[in-house]
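Two complexes come next, and they have one chain in common, chain A, joined by chain B in the first and chain C in the second.
What follows is the complex of A and B.
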C-alpha cells in the first residue's frame, strides 16, 4: 500500500484487482440467475438480456455511463483523502441547475459547463470546510444538502423556469449551448463521453502525478504520518472534496447540456445517479481507470434490466439486486486471500 | 393564544411520530460503531424489514407481534451477514454497507412485483394500535424507542459490559490483551444494532405508514447516521437530535397544509434539512469518533 502511494499501481496490483472484481461479478451473476429461476423466469434468457440488453444502443449506454463516471470520481477522490462524500447527488443537481441557467442566460456552452463544475466545487468545499473548521461530520452536511438541493431545484423548475409548452420540463438549453453528437465509423456518439474520458485522464494525472494528489492520498492513508512529513491533511480534505464536487457538478452539466437539454420537474434524469456513483467508485476500486470500466458496466446492468423487463416482464430491479451482491462480494478481497492461503497451507501439510 | 399552544402541541406530537426512525436507527448504530464496526447499510435494513413485516402483517391479517418480530429478525440476519463480513472475514465495512443498500432496493421491488404485482406500493395493512395521551395519541414504539435509548446509554456508559464493548472500538489490541473477545463482541454489537434498525423498519411500515412503498425509508437511514455523529455517540443526545429533526419535519408538513400553495410545499420541505444543518453547524462541539472505527481487527 505504501509503495503504491509513491509510484502508482503495478501490473500485479491491477491483476489482483481484476481477479477480485471478476470473481465478485461471477458470484453476483450466479445468485441473480438463481433468483430469476426462483421467480419462474428463464434464467439463461434473463441473464443474457440483463448483461447484453444494454449493448443494443451503445450511444445511450456510454452517455449514461458518462454521468455516473463523474459521480464515481466525486465519491472516489474524497475517499482517497479519507472523506466520505455522500453528497454527489446534491452536487450533481446543483451543477445541472447552474449550467442550465447559465446556458439559458448566456448561450455560451463552455461558460455553462464551467459554471456547473464550479458550483459543484463550491458545494464540495462548503462540506469540507464545515468539517475542517467546525468539526461537522461531512456525512451530516452532505445528506442535508442533497435533500435541500433536490427540493430547491424542483421548486425552481416547477415555479420559475418551466417551459410554458411542456410544464413538467424546464426551459430548454439553447441549441448553440448544447454538446452535440458525433459520428464514429457509422456509430453515433454523444460528445460528452469522449470529453469525460479526457477528464478521467486529468483526474488520474492530478491524483498520481502531482504534489496535490500525493498529499490527498497520503493524508487518506494516515493523517498523522502526512503531518509529520510536512503535508497538510486539512488542505487535502478541502481540495479533495472540492475536486469531487467539481466532477459531480460536471456530471450534472453533461446531463443537461449534453444529453437531455432540460431538467424535468421530478429530476428523474438525475435522481439516484449520485448514489450510483458510490457503487461505481467501489466497483472501480477507487481508481480513475477502474471507474471508466465500472461506470460502463453499471449502466449496462441498468439498461439491461430495462430490456429484461420489456421482453420477459421480469422486474428490472433484478439489476439492482445483482449489483448489490457484486458490491457485497467486492467487500471481501481479504476473504479471497484467506481462502487462497488456507488452501496453500493445507497443501503444504497434506 | 390557545390556538398557538394547540398548534405547538400538534407539532410536538407529530415530531414524536417522525423522530422514532431516526432515534432507533441511531441508537442501534451507536452500539455498533462503539464496538468499532460501521454499518452504513441501515437504510437497506429499514427497507427490507419494512417489507417483511408488511408481508407478515398482510398474510396473517394483522398479527402485529409476529410482524414486528419478523421485522426485527430481518435486521438480525442482515446484521449477522454484515457482522461476519466486518469481523471474521475482514471485509471492507463501507463497501459491504453500500452493497446491502443497493441489494435491498432491488429486492424490495422484486418482492412487490412478485407478491402484489405492483411496482410502487403494497395494499394497506392493519397498523399497531396507538396509546391515548389526552387528546393525542402516541405509538407504543415511540415510548419503547425512548426506553431503548436510555437503556443503551446506561449499558454503554455505566456497565462493565459496555466498557468492554467500547474498548473494542477504541483499542482492540488492548481489549484483547484484557481478555475481551474483540471479534465476538463486534459481531454481537453489529447484530444488536441491525436488529434495532429492523424494529425501525417494522415501525415505518406497520405503524407510521400502514403499507409498504419502495420509497418508505426515504433516506432516513442516512439521516439516522448523521444523527449518530451529531450525538457524539451518545444515545441520550441522539434522542434530542432525532426530536430536532422530527420537529422541523413536522413544521414543514404543518406549514404546507396551512399555506395552501402547492408550489411552496417544495420550499417548506427543505426546512428540516436546512434547520438541522444550521443547528448542527452553530451548536456543534467537536466530536470524538471511536479510534478504531471501520478498521478490521486482525488477530495475531
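What follows is the complex of A and C.
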C-alpha cells in the first residue's frame, strides 16, 4: 500500500504538503486569535474552544467527518474528469431517503446501503448525461436538483413517512438495518467511520490503479489528448459523475443508517454537508488521502465553532468567520512558494 | 561605428519556477540594419525580445533605446519609444476589416477617427509598398497578408524598431519573398529590424548582422557576410551539424496502406479532404508537402479513426479499417504521431502514464486493473532506447524538455513495431540535434520495413526524408513524384495551388 502510494504520488510531495499545511494552519490560528482579541473575547480560550471543542467527543467528530468525507469524494472525482459536481447535496438527500425507505421495507442493512449509493449514482449519471448528450451545464442542473430533492424529501417525510410518535421525524430505521457502534480500547466509535476509510481506499484504487480512473484523470487534464489516445472523455464524464453521486449517496445512507437512524422534517442532520464536501475536496487537494484529513479538520472546526458559540456566547458569525480565516490560510502555501522562488532568483543572480 | 538603436546589457531572466532563460546577455543593434537573432528552440530569443518589448521584466540588466536608458512597465511604454513587435501568432480580430483592426490598435494610444486612420494607412502603404486591402475582413486574408497587416499596425504607431518573431514559419516560399522585399524597403526607410529565426538560410539571406544565442548566452556576434551557414550552425548548436542525412536507396515492398477517394470534413463541417487516394508501401516514406491548413490534419485524423470518413475507404493490409475506433486501429498496427505535443501528451501526468497513453489496453490486468509494473518496464525501455533525459519515471511530463517530450511521444509509438506510422510534423519546435535524431530514427524504421506517411510543412524535412512526395493543396493532391522531380520553386508553386507540368 505504502509502496503504491509513493508510486502514484511521490513521497517528497506528501512531505511538502504536510509541512505547508501545518505551517498555514499555524498562521491562520494566529490571525484568528488576533481577531478574537480585537472583538473583545478572550483569544486563548476562544481558540482553545475552536480547535479543541470538537476533540472532546472524538466519536462525534469522526462520524461527522464521515459524511463530508463522502461528499468530498463526490466533488473530487468529477472534478478530476473536468466536471463541477455541486449536486453532492441533492445526491446525499436522495441516498439518505432511498436507504431509509429500503431499510424500512426490507430491513436489510446491506441492501439499504447499496440502494442509497445506487440512487446517488443514478442521479449523478442523469446530471452528466444531460451535459454530455444535450450540452446542459452540470452546475445548473445540479443546483436545481438540489432544491427539488430537498423539498421532495421534506414532503415525503412530513406527509407519508413521519413517525406518529414524533411527527417531526421519519419512521426509524429498524434495529437490524442499522450500523452499530464499536468499542475501540475504551473509546466508542460509530462503525461507519472505518467503513468510510475502506471506501476511501477503494476510490484511491479506482482512480490510480484502474483503467476507468486513468481515463477519468486523463480526460480531465486534456480531453483532446485523451480522445487522441483512443480514450473516451464522454464516458469518463458519465462515470466520474456517477461515482461522485454514488459516494454522496453513501454519505446520505451513512447518515441515516449509521448515525441518526431517521430523517427529520427539516433535513437538519444533512443540510449543507454536500456543500461542505466542496471545501473538503479542495482542501484535501482533490486526492482521496488528503480528503480523509481535510474532512476531519473541517469537522473539527465546525464542532469547535459550535462550542465556542455556546461557551463564549459568541455569535455564530464570529465562529464561522474564524473557521473561514483558518481555511483561507490553507491557501497560503501558494504565496509562500512565490516568495521562495523570488529569493532563489535574487540569490542566483547575486 | 554607427549609432545604436538597441543596447541591452547584462540581461538576466530567471522565471519564478527557477528556470534561467537568459544568463547575462549583451545585445546591440545598429540603427537602420536588419539584425538576425539566431538560436535553437529554448535558446532565449523570444524571451529577450519580449523583455525589449516590455512584456516581461528582466531580473537584472539595463536597456537603452536610441541611447536613452529605459525601463518599460509594459508594451505601451515600448511602443511609445518606437518599438513594434509582430508575433508568430497574430493579434488581429478576424471578423473585423483591416481598417477596423488598425483603428482598434491606434485608438488605445491616441484619439483618432476612422477616416484619419485610413489616410495615414494609405500613405504608409504607398511609401513602403505593402499590399494590404484595407476593407477586406481579416479572416478572409491569407496568412502572409495578415502578417503585412501586423507590420502595418506597428508602422502606424510610428515604430522605428520592428521585431519579427519567426516571421517565415507560417509563410509559403512566395510569401517569404514578399516579406523579404518589404523588409529591405523598410531598411531603406531607416527602420531597424530585428529578425528572429532558427532558419540559417533566411538569416544568411536577409540580415546585415547576426547575434547567436545558445542556452541563454550570446555565443557569437558577426557581420552576416563574414560567416557561412556552417559557421552559424556550429555556433548555434555547439558542434558541426550534418545537413545531408545519408540514406540508402529505398526498397519498397508490398502495399500496406491503401487510401481510396477519401473525403473528410473539418470542424466547421466544410470539406477539408476532397477525394484523396494514395498507396503506401512497406519500407518507404511518403511525404505529404503543403502549407498548414490544407487538409493535412483532417487526413491524418481520419486515417487514425479520430475523425469520421464521409466517403471513401482506408485499407490496412487488405483489411478495411474505415471509421473503426482509434484504439482498434492502433492495435492493428497503425501509429499516429500528432502534430502537437499538447495533443499527444498529457503534460501533468508522469512519464509512465504518458508512455502507456495510446496503448492502455495492453497494460490492463483482469477487471481493468492497470499493471503499473509492466507499464514501468515498458517506459524504461522507451527511455533507454531513445535516450530520454528525465529525472525519474514518475516525473511529470511538463518538466521534460520539448525534445525529450517528443522522444517519448515518438518512442512509445515506434517501439511497438507498427506497420504504418503517420508522423505529423515530427520535428516541429525541436532543436537541431533532436530534429536530426528523430529524422534518423524515421529513416532507420523505413529501412526496417515500416511504411511511413510523413506530413510536414517543413520542405527541408520533406526533401530529406521522402522517397516519394505528394503535394497537398486545399484537400487535394496536386502531384506525386520522386524528390528529384521537384525543385524548390516547383514545390512552392504546387503548394500555392499552381499546376505545373
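In this text, the second predicted complex is superposed on the first by the 319 of 350 C-alpha atoms of A that agree within 3 Å, B and C clash if a C-alpha of one lies under 4 Å from a C-alpha of the other, contacts with A are read in each partner's own complex, and residues count from 1 in each chain.
Here, a residue touches a chain if its C-beta (ideal position, glycine included) is under 8 Å from a C-beta of that chain, and two chains touch if they have at least 3 such contacts.
Small disclaimer: the values here were computed from a predicted structure and weren't measured.
By the touch criterion stated above, A:227 is placed in contact with chain C alone, chain B being left untouched. Contacts of A:152 after superposition on the shared chain: chain B is touched, whereas chain C is not.
In the overlay built on the shared chain, the residue A:141 is in contact with chain B alone; chain C does not reach it. More chain A residues lie in contact with B than with the other chain of the pair chain B and chain C. Legend: residue contacts after superposition of the two complexes on their common chain; A:217 is shown touching chain C, with no touch to chain B. Residue overlap on chain A between its contacts with chain B in one complex and with chain C in the other: 338. The touching residues of chain B, when paired with chain A in their complex, are 81, 85, 89-96, 98-110, 113-114, 119, 219, 222-223, 225-226, 229-230, 263, 266-267, 269-270, 273-274, 276-277, 280-281, 284-287, 296.
Here chain A touches chain C in the complex through residues 4, 7, 10, 209-212, 214-215, 217-218, 221-222, 224-231, 338, 341-342, 344-345, 348-349, going by the rule given at the top.
By the touch criterion given at the top, residues 12, 14, 16-18, 20, 59-60, 304-306, 325-327, 330, 336, 338, 342-349, 353, 357-358, 360-361, 364, 367-370, 372, 394 of chain C touch chain A in their complex.
Those residues of chain A whose C-beta lies close enough to touch chain B in the complex are 35, 39, 84, 86, 130, 134-137, 139-141, 143-148, 151-152, 154-155, 158-159, 278-279, 282, 315, 317-335, 338.
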